[in-house]
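Before anything else, here is the set of structures, which you'll find just below.
Same chain, two partners: chain A is paired with chain B first, then with chain C.
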Partner chain A sequence: MSENTATVGEARAPRVVLVGLASCFGCQINITNIERHLLAVLGQIELGYWQLTSSEPMPEAFDVAVIEGAVTTEEAAETVRALRERAACVIAIGSCAATGGIPAMAAGDLASHVEAVYGDGLPKACGVLRAPAPVSAVIDVDFTVSCCPIDPFEFVRVLDAALYGSNRLDVTATLCGQCAQGEGGCLYKRGQMCLGLVTRAGCGAKCPGLGRACNGCAGLSPDANVTAARAFAASRGFAPGRFDEALEMFNAVALAPAGEE
Partner chain B sequence: MLYRVIDRADLPSLVAAFMERYEVVAPVRRGSFYAFEAIGDFSEIALDYPTTIASPKKYFLPATETLFEFDARENAVTDYVDEVRPRVLFGVHACDINGIMNLNSVFNDPRYPDPYYRAHQDATLIVGVSCTPGDTCFCHLMDSEEARPGYDLFLNAIGEAFLVSIGSVTAANILEGACDVREATDADRAAFRAATRARQEAFNGAIPDVQEIPMLMDAFHEDGFWDELGGRCLSCNACASVCPTCYCFDIRDTLDPGAETGRRERVWDACTSPQFAMVAGGHNFRSTAAERVRHRMYHKLNGFLATHDRSLCVGCGRCAAACKVGISPIEVLKFFERKGADDGE
Partner chain C sequence: MTATRISVDHVARVEGHGDIHVVIENGEVTTCEMAVVEPARLFESMVVGRSFEEVPYIASRVCGICSASHVVTDIRAIEAVFGVAVTDRTEALRELLVYGSYLQNHATHLFVFAAPDFLGHKSVFPLADTNPDLLERALGLKALGNELCTLVGGRSIHPITAVVGGFTHEIEAAEYRRLAEAMDASRAFALASVDLFRDFDTIALETAGDMLAMVAPGAYPVCTSDTARFVRAGYEFAAAAVEEEIEEYPQGSSAAFLARARRTGAPYMTAALARVNASWGALCKDARYAAAKAGLRPPEYNPFANNIAQAVELVDVLDRCAALCRRLAADEFAGASAPVPFAVRAGVGTGFTEAPRGALFHRLELDGDGRVRRASILTPTAQNIANLEGDMRQLAEKMVGEGYDGALIRLEIEKLVRAYDPCLSCSVH
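Then we have the complex of A and B:
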């Protein structure tokens, strides 16, 4: 990780750019929800580009590129390649950037989705469409802030890790362990289907903690045991088809090429 | 051991007396489950609870605990006082008291005593209560069906009264001050023996009593059984989260927004987590779920015993309830029983 740490001990504040691709911009907006801490966080960096707050153009040089959104066009793919070339460090934020997220639900059959929305006249402004994919499918990503939307404090933590390094290890355990710590009882015992079985831990099981099933926004853990999870869900009356369909909301890309079917 | 008898009707005043000087934590009902929580009134306590989702371990080893705070600009530790609350854990079952004893022997090891744990331990009184074993309880097979030391008071239910075993002077004084305490009579002792016998008979007979577990763990180290368990493990760590005796943790630094100050925290970790045995350079000594589950069971049923002379698992059965895919020491005991039956043929 250290070779990707943006600046250490340099006199100049690290230059950060924030770019939005196919997304709802909710993660970018959520960054401002750190409210009273916002100035302290921005004080550490030189914010070179943030469409949401300024129409200044993208600078030539920067250290950290923060990318929100899925790559859905060839133009976007070019954008992220260019960012990768110039940035010492790339941070993907939000489900769309991390897993393909909601846009990637169309990845399996792009043509029919395009037709359903635009008929046979795809507007020029759409650019050259490609199957929606996470940023990591196009370039190497150094850090990821998962979830839909991101937890803004998690963003701050990851930004700090990028700027100063961190002794925190990325873990791939799934969610039920964090959920058990909350002691709310498993939602399956209340007849609800929950994707925490295969979703990467990290959010602290926010949704089950509020009585709502996890829909997998943190992404499928690379160590998820989807087969065993499906079997468990089936034993509780949720057919594997339903489980898979629910998983597609945020994990269509991870499920497809991994050959889970 | 000193015994006294109090009436069930005395319990509210006992709890009220504790509340004057301590935070009282007790089992409370949460939907169809139970959890240990700080209470405000005796009426919140569900003293006849079967078990709780997670154990009272969290009051000795919080899931996240700040060890110190630092100033990142100065690269220096700043003053920090860990919050240690004088507390009474009220209504703890025997398995959990034995679990806490196991944690004590780990964190009070004279070679590396843990001041944070010790501070919580010293500030905590434990009031045990007798229980009726549920389907997944097997404390009797793990030598943990009885709390010998490890409590300040232990309430043994005998009908509408409690035979109270007294373990500390502090608690004895509070008991004497709050309740109408009387000497135990022969009838009380007979009732206690009857209750103990009834409890012994209530254990789930389908969980096999296997002798020489450590020896069997070694003998079947390479058995395909572990691949079977590993093949269905979800790598979720729920087992360790709910377990009264899992004590593994990770230590990490968290910067405050602005990165000028921060905290060093310890957080629960678990050997079922895929990265648990990963070392510098990236090698993972237990890269498969089968190795990880096997390791967990070894530590629970064998490894701890070698150093501390008792098994780490106290048979509380919580992991059996928490694990979605039926992995628990109970399955290991059943496996050994099957192996024994096979050999006998």
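Then we have the complex of A and C:
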């Protein structure tokens, strides 16, 4: 774009490409939803490729690859491998890219899901399917922006960290700690099952704050005690299996028995 | 003469992944495809067995930009099964949520996706240098749509607060009043947008297919009717009969199922243009006048006019949202928005709304525990692709006949694809 993007300090502006895999495109849309701030961000980088917003073709060389969506085909796996080879830094954005997200609900029994929708006539245009997985199942990922959809300001913060460095550590706490101040009170007291017990904090507990249970879109916290959380849900009268069933929505891959990948 | 091949991999400035293939041999268009190359997304199968409480949340993820429409449509399908009658206030909030996604979608499509073609740019961003005022106002309108969705739905996409029976949270009256004022303040730019898109040169085309839109007597409905109308063939049907009226069929080059009307066999367009054709008389006065001034009057079958129709809807939606916000602030709608009580029961229900990009149907069969037995989703773009391909062919034939070269034909075909405002990721579900 304009001349003022040519340099950051003394160096060439970092070239960033943004690629969407299997997704709703919502995280990319949400990046455009920061409107005026977006122009400030674009003033710091050279936007190399972003199919959603520009007809500029994919450049040969780039510094940062931002990936939205889950890996659901062999072609997509090839795409992310190629991005990894060329980019100094890879950022996975959104639940699909970070945990497998909603697409990974089909990971457990892919063939039967495909048959249910397409019968025995899967169109060639779908590509060669593989069990939906997060980007990190295929390549090393340097930074992750969680949630469905991402908070675009969190994306800006992570991009900033990727470009200029940051000493901020990833949040590891579970959501409950952030949510306790919520004026509505714990959703379990209102008879609702909430996944805030095990979900990584950082989103500000927006859903419980609006009266809606956490659905785990930020992914499991490394501090989560899933066994204890299951027992807690059971103690509140939820049938065995309900807690894991709810977790399947955004955490099917993390829940799958080890050794499947 | 040699063959000209127009091949665009992952056409830019549309949502989702699609490839254009056109082959022109000896002055004849021999191949003309809009291939949707999304991976299988499998929503209709993934929701099977899931509880009704989760299903709108999952269906929302079909589409990032019309997530509000998927949520409201799914909720309407579930409420049809359970026999839930929501309050007038909840209906008003759902309309407001859907209109919020219209503002988001139309502002994004018109300025970020479509306008760069006509302004000679590869993206909207060079406007920061060439026309910062236009960029500022365009992004401001888009931001207003985001704000409306955030205040009503809890965030700009994938709404949180809309549930079966009502809403889990609502904003204060003062915030509705502030929104109403912001809507009023944006009207002048929306009116200017109609003129802007009127002034862009487009090629004269007349789609051979039909047009489909939700209708209601004396109204311009988006989520409050269960009747759909084929504008050209001139007949209506109940949304519950969607599977008897619309045939979905596979085509190998596309990961999406395509659609046609069963009675006529015709492909069709469903979009802002179809709505304007179907309900012109019920547009708000400002919007109707702006449309007339721009030369957009029914019947209008040039698909490029969908850009103008979306701009007209921006005017219409701003007026409607301002009025809805003022009435919500004044507590003029009966009942509260907190979810009404309901009993879970088995059955089949159809949800029907006008998403920003056209008619959207969700059909759900639930068991006695409220779990999904079968789901069928019909998105606007899945319905549009067959008609788009017909229009692409007509456009290519016309331009070949008039001696245009491949590069210009390619550009016009891309413009046509964008005029349909396709959501290719949505079309695969």
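Note that the second predicted complex is superposed on the first by the 242 of 261 C-alpha atoms of A that agree within 3 Å, B and C clash if a C-alpha of one lies under 4 Å from a C-alpha of the other, contacts with A are read in each partner's own complex, and residues count from 1 in each chain.
Here is the rule we use: contacts are C-beta pairs under 8 Å (C-beta built on N, C-alpha and C of every residue); 3 or more make two chains touch, one makes a residue touch a chain.
What you see is a predicted model; the values in this text were computed from it and never measured.
Considered on the superposed chain A, chain B and chain C are sterically compatible, since they fit side by side. In the superposition on chain A, A:R212 contacts chain C only, with no contact to chain B. In the superposition on chain A, A:A173 makes contact with chain B only, not with chain C. Taking chain A as the reference chain, the count of touched residues is higher for C when chain B and chain C are set side by side.
When the two complexes are overlaid on their common chain A, residue A:A111 makes contact with neither chain B nor chain C. In the overlay built on the shared chain, the residue A:R157 is in contact with chain B alone; chain C does not reach it. Applying the stated contact rule after C-alpha superposition, one finds that A:A239 touches neither chain B nor chain C.
Our angle of interest has its tip at the CA centre of chain A and reaches the CA centres of chain B and chain C; in the overlay it is 110°, to the nearest 10. Nowhere in the superposition do the C-alpha atoms of chain B and chain C come closer than 13 Å. Chain A residues in contact with chain B (one complex) as well as with chain C (other complex) do not exist. By the touch rule above, chain B contacts chain A in their complex via residues 30-33, 35, 52-54, 63, 72, 231-242, 250-255, 257-260, 268, 270, 272-275, 278, 289, 322, 324-325.
Residue ranges of chain A in contact with chain B, taken from their complex: 34, 37, 40-41, 43-44, 153, 156-157, 160, 163-164, 166-181, 183-186, 188-190, 196-198, 201, 221, 223-225, 228-229, 231-232. Those residues of chain A that touch chain C in the shared complex are 1-2, 20-30, 32-33, 35-36, 39, 42, 47, 50-56, 72-73, 76, 101-103, 105-106, 112-114, 116-118, 121-127, 129, 148-149, 206-207, 210-212, 215, 246, 249.
Residues of chain C touching chain A in their complex: 10, 12-17, 35-42, 44-46, 48, 54, 57-58, 61-65, 67, 104, 108, 112-113, 116, 122-126, 128-129, 135-136, 139-140, 142-143, 146, 154-158, 160-161, 163, 168-169, 250-255, 414, 423, 425-426, 428.
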